[in-house]
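In the two assemblies presented below, subunit A is common to both, partnered first by subunit B and then by subunit C.
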Partner chain A sequence: MELRAYIVRRVLLLIPVLFGVTVFIFGITMLFSPIERASLYVRSARQMSNLPLIIETYGLDRPFWEQYGTWVSQVFHGNLGWSTVVHMPVWDAIWSFLPATVELAIFATPIIILAGIFLGSQAAAHKDKAVDHLSRVAAIAGWSLPTFWLGLVLLMVFYGYFRGILPPDRLNHQMSIVVNSADFVRYTHINTLDAILNLNGPVLLDALRHLILPVTTLSIVSVAFIMRLMRSSMLESLGKGYILTARAKGLAERVVINKHARRNALIPVITVSGYVFAGLANGVVITETIFTFKGIGWWAAQAATRLDIASVLGFALFNAVLFVGVNLIVDILYTRVDPRVRLGGVMQ
Partner chain B sequence: MTGWKFMVRQLARNPLSLAGIIIIFIFAIIAIFAPLIAPTPAGHGDPYLIPRDGYWATPQLPSEEHPFGTTEGQYDIFYGVIWGTRSAFRVGLVVIGIVVVIGIILGSLAGYLGGVIDEVIMRITDIFLAFPALILAMAIVTVMEPSLTSIMIALIVVSWPSYARLIRGDILQVREEDYIEASRGLGASNARVIIRHALPNAIYPTVIMASLDIGAVVLSAAALSFLGLGAPEGYADWGQLTSFARNWIVGPSADPLRYWFAVTIPGLFILFFVLGWNLLGDAFRDIFDPRLARR
Partner chain C sequence: MSKRLSKMGWIVLVALLSLALVVWPACTTQGEQEEEEEPLCSLYIGSGKLDGDGIPVDFFSDIHVRKAFCYAFDYNTYIAQALSGQGVQRGSPVVEGLYGYDPGTPMYSYDLDQAVAEMKLAWGGQAWEKGFRFTLLYNAGNLPRKTACDMISQKWASIGANPAYLDPIDPTRFQVSVQALAWPTILGKIFGTRDMPMFQIGWLPDYPHADNFIVPFMGSHGTFSYYQGYGDTALDADIAAAFQDTNPVTQQQKYDALQQRYYDDAPGIVLAQPIARRYFTAHITGFGYNPCESAYQGRLYDLVKADAGGPVPFKNPTSFIQESIGDADSLDPAWCYDTASGENIGHIYETLIYYDGNSTGTFVPVLATDTGTFNATDNTLRFTIKTGVKFHSGNTLTPQDVEYSFERAMTQDRPGGPIWMFYQALLGEDVWSYDDTDWASIDASIEVDGQDVVFALAGSYWALPFMQVLCGQWASIVEKQWCIDEGDWDGTEGDIVNHLHPEEPGDTVLFDKCNGTGPWKLQTWTSGVSITKVRFDDYWQGAAQFQYVYYNINEEWSNRKLKLLAGDADLVYVPATNFAEMDEEPGLNVFKNLPSLSIDAFFFNMIVCGPEEE
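Right after this comes the complex of A and B.
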């Protein structure tokens, strides 16, 4: 099967999944009465008197499938309801909080991938030596760590004991004034990137200082995961015939490991990038809350504790769509990286 | 069963898994004897609600009366972590127990019967697996009443699909084996073939995943109640106890680590509890996966 046909088939397969996801999310809202559901769209106390009108407009007293149809078409038009915690439409809230989260992901992802791959291949290359045992214990301890607790302990040490050397929030007071001033052009709302584009050194340094702890907290579990996976994948690859050939023709051990074993061992790591994405998505909710790093995770956690149902469901839907998309891209990349993968599972 | 004897012998031989067993054993003792270790004050009512010593905001340092100190709002940390052990066991064991049962039923139906039933069950799992788990759990808890039960329901909803898939895959593998053919040929019913022949041979990967997941489930539950979702205020729960320390990370400027006990102690209980299950799960994996053990 051609790659293009494969992609089309995979995209078509997404339709039932996305249909199910939306029915499920909508089904959750159906646990509430029409009046409660109408209040998800209410923007101010004044509008509370318009509840019957809202019920009428969105057809909230109609049969399930009719309501579902209205709801989905609203979602396609970007209307996910009103976020009461931040006083703006849910859709706008997602877009205004996303850059902060993207910034965390931009720093965390390369750390997870590079550290995980490096540590994992080191452990495999020194199997059953001290490095390997240490990495095993570190990995198990790593994914036993409650990340919210790790974040608090890091704050206690680096914000409390070391007198605010690594503080919470995204920028200190002075730098937020700079960033919000007229001279500072906000191209992306990603602080580090904007600072570079504005050639503003102090803002860049301050933004980086605020990123160290959240990025560490966010990466640690995924690093442990990738490290263990890389180790076993590397061990498998080291047992293959081509490694024997490479060693037999007298290549240096370093070349054998780096060029022959590691490249082939990377393939299974690519297949789990979906899991890493899910780990980041789950992780930002906790991490951003602890460090008051105001991204979508922080916003969703605020919404959840204050029963802002429209925001929580909008956030869940947004993440599901993103996650499904990431998995699609991973599957497509996988066929490019490993030509041995048979597309569509049909004999060619 | 020789398989189980072999497993126990292997577990006792590996120092890491032995450490895991000892940790879980200690926690089990704490949970069982909670009423003796941290007696509920007379006339207190529900023992799972942590007794308070006043309503003052500032956490109090460890003392004879409060061995681990108190949190903000004067909840006794020692009482909370001891009774919280029971909550942790309950969440971990109940969620994983129910999820394994659901997984076994749906997974073996899908794997063994195949066809439309398989297709329907697998498409439903696709829907649940389309969400990052903690985010879906958060959404479910938000729309339910604040209680530990809501957390457990949410975690069951997000966890069953992986088990159904795992068991389906394993059943598919053993379905074509000769001994299954043989018992079918002898006229055994579908239910009998699944329960007596297919499942016992396909269950090991599930045991590994379940033991690794007890830790993960307790972590997720703690994360949710740390966020303020689920357990009502004052319920003996490690995640919530940790969240009480959020305003007290930094002490007065002369003594910045003053409230270290409120920040660290509940988290250490979570860490060791989860560590115990993960050490055990890791050892299970080595034992059951001979492909890995040989290396």
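Right after this comes the complex of A and C.
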């Protein structure tokens, strides 16, 4: 099937996905009574005495489909609503908080994948030896550590005990002044990228320094996932006939593993890598809160706990688009990597 | 092909079913809620009858029940556990530091014998014989309130299990279960469905006067007392009489009587007035506390940052960095009714007068040349406005700006905002919002006379309280022409409708645009992250020490603590539960035993679910 047609078809699939996701979440929020949802719009005890006005103003007692319809028509006018937790339109909130999370995802994803691939293939190549056991134990230990515990411990050690070597936040105060000044152009709001584009060394170094702790936390916790997958995929690959042939041909073991076995073993890992990135771009609320590296995960968590329904729905839409997009990219990548697969066709 | 279809078919079927399972009850819940024939209006009153398995909806209307609960509360243990000892019990909502406070107000003591004696008198003895069962609720995450609920539950269970009170013992006779709900849900129950037998909520001063605490707790239309069904017209008359008494001696007697009345009627269990602390690094000096600034960092302009040595590193010499929880709602002074907004507005804008040091009843001039002249014959309060004061825009402060600031607030009148104080003080006790009055009255209540601004008060008894109102951030002075240029209200009657009753904080022009006379200008406000301000070099009292002032929103306690100890923050918010661990940290400048003008209390719901519709 032609690539362009395939992409179009997949993008069109986005519509029923969005419909299903939003109806689902909208339905759950409707389980609260109008009075409970009205209290979201209230800032002080005194305002609550005017509940009927609030319910009427926001149409909180209209039937479900009417409320949903109102919301959908708003979305088509480009209005995703107002996010009460951050006092800006939901659309602006998404674009405001996304860069921080994307920055974490951009740095954490390659580390997770490369470390996972490396550890996985080492473990598979030296199956049942010391390397295998050690790397599996280390990876599972990392996976089992609660993020909040690991993050706090790292913070206490590298920020508290070691006198501020690796600080939280995105930038220190001097650099944030530079970044907010008139001669620093904010192309993407991703500090490292903007620093490169502005050819500003000190900002880049400072941003990297602030990234070390949160990215390390995320990596330690997630690397086991890729590592285990790579290991089993590699073992399967190593058991194939062509490996025997390659060895019989007299190829060096290193070439056998790296060139022949690993490339084939990478296929499932590539599939999963997309989800690793999407899962991180989705937001990692605990890491973001602990290191005050506030991104979309923090915003979504605040919106959820404070019943900011407009934000929750906007975030659900964002997620749906993100996952469909990532799915699409991974599928296309897949066909590039594995010549046996055709888009929309059957594997031969 | 067919095999794949049926698999797809199953997936679609399951998806649709689960969708329906969620959506269907959601759809129908809406319609049914009004008509539902529920046998009981509340989930929290058990059987709804005095049969040992519940409580009737008017259970707490019997004073003996209320007194029994007041005696059965262990106040000292509550203060020790929930507030880490940082609190003082009070007998009424009027706390120490308020004008009108009576230190002689009696308080209930923890006395189970008395509690038992009172409960035996309740409902003709039936309450004791049959027992009761109901549910207490608190807002999830609030540890002090959870502790208070748990204590009530345990004490009543212990009474039933004590052979000295009940022989044979009956541990299940008095059952109070405890449940947590999200804060918005709790608010909806307090002010909407009113279905909780008892609720817990706190109050902070708008102006530090006993009236500001008595009305919400005892007035028939008070913010809390209305919803608990307490108060009547006779009591309202007493409250108004106390407020309007211009003789301080007789006024104090009236307030003493009202505080005694609260004890006698026991409409709630008053918990404790918290004692606050401030945690600075050792490099910060000059802090002056005022009880009205119960969350503020003090007059930032007076703070000095200098290297004091010690274990905390000295960083960012020209910046002041504060880490706290909670973002500002809006930087519009007319909107501002929360502490985070007030703190930040206080750096950017200024008021006519302010509290003198740590007093709540005497003042110093700020943008006025004196603390006001009150004319008793026509009930006017006159201020002469300083000359030569510059706004951040570069323009000079005029009395017209002052007039505009107040008129703007009163024609904006955001629902649930602070401006009711202006209406009450200037237009009288029947006027709570713009809807109760008109432009002509507002215009007439504030006039410019040369370099003076004259306020026409509704009564002479407003002289002191209105001056306290003028110290609040809602009374900040904005620049008229600049506001008009930015699209705000143009000062005419015809334009009022375009700015009246804004719904969202972002609906007002001054939400995130600031132009004040204060020592700092707004630089950036990143929602949920931080508010940064930069020094205003033409500040009329001279440029401030700090070139940058940061207010960072940081919900993670460990992060805040480490920042303070690393010198990356100069002041952080420390919750009461963490006071003990901070006591061991060196290199800090800690201010303890700061009286805060707030109170937390239980409220007895006299009629659960409210009285019958009138």
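As a convention for this text, the second predicted complex is superposed on the first by the 267 of 348 C-alpha atoms of A that agree within 3 Å, B and C clash if a C-alpha of one lies under 4 Å from a C-alpha of the other, contacts with A are read in each partner's own complex, and residues count from 1 in each chain.
Just so it is clear, a residue touches a chain if its C-beta (ideal position, glycine included) is under 8 Å from a C-beta of that chain, and two chains touch if they have at least 3 such contacts.
What you are looking at is a predicted structure, and each value in this text was computed from that prediction instead of being measured.
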Looking at the overlay, does A:140 come into contact with subunit B only (first), subunit C only (second), both, or neither?
-> first
Partner chain in contact with A:180 - subunit B first, subunit C second, else both or neither | second
Classify the contacts of A:105 with the two partner chains as first (subunit B alone), second (subunit C alone), both, or neither.
-> neither
In the three-chain superposition, say which chain, subunit B or subunit C, touches more residues of subunit A.
-> C
Applying the touch criterion given at the start, work out whether A:82 contacts subunit B, subunit C, both or neither, answering first, second, both or neither.
-> second
Between subunit B (first) and subunit C (second), which does A:298 come into contact with in this model arrangement: first, second, both, or neither?
-> second
Examine A:64 and indicate which partner it touches, taking first as subunit B and second as subunit C; both and neither are also allowed.
-> second
Examine A:28 and indicate which partner it touches, taking first as subunit B and second as subunit C; both and neither are also allowed.
-> both
Between subunit B (first) and subunit C (second), which does A:90 come into contact with in this model arrangement: first, second, both, or neither?
-> neither
Of the two partner chains, subunit B (first) and subunit C (second), which one does A:20 touch, if any: first, second, both, or neither?
-> both
Intersection of subunit A interface sets (partners subunit B, subunit C) | 20, 24, 28, 31-32, 152, 155-156, 159-160, 163, 289-290, 305, 307
In the complex with subunit A, residue positions of subunit C that touch it | 15, 19, 22-23, 25-27, 29-31, 33, 182, 184-185, 187-188, 190-193, 201, 203, 216, 223-224, 226, 313, 316, 319, 321, 327, 329-330, 337-338, 415-417, 420, 503-506, 511-512, 523-524, 526-529, 532, 548, 550, 552, 554-556, 558-559, 562-563, 565-568
Which positions of subunit A touch subunit C when the two form their complex?
-> 20, 23-24, 26-28, 30-51, 53-54, 57, 61-65, 82, 84-89, 93, 96-97, 152, 155-156, 159-160, 163-164, 167-168, 172-174, 176-177, 180, 289-292, 294, 298-299, 302, 305-307
Residue numbers on subunit B that touch subunit A, as the complex places them | 16, 123-124, 126-128, 130-136, 138-143, 215-216, 219, 222-223, 226-229, 239, 242-243, 245-246, 249-251, 256-257, 260, 263-264, 266-267, 270-271, 274-275, 278-279, 282, 292, 295
The residues of subunit A that touch subunit B in their complex are 16-18, 20-21, 24-25, 28, 31-32, 127, 136-137, 140-141, 143-150, 152-153, 155-156, 159-161, 163, 232, 235, 239, 277-278, 281-282, 285-286, 289-290, 300-301, 303-305, 307, 309, 312-313, 315-316, 319-320, 323-324
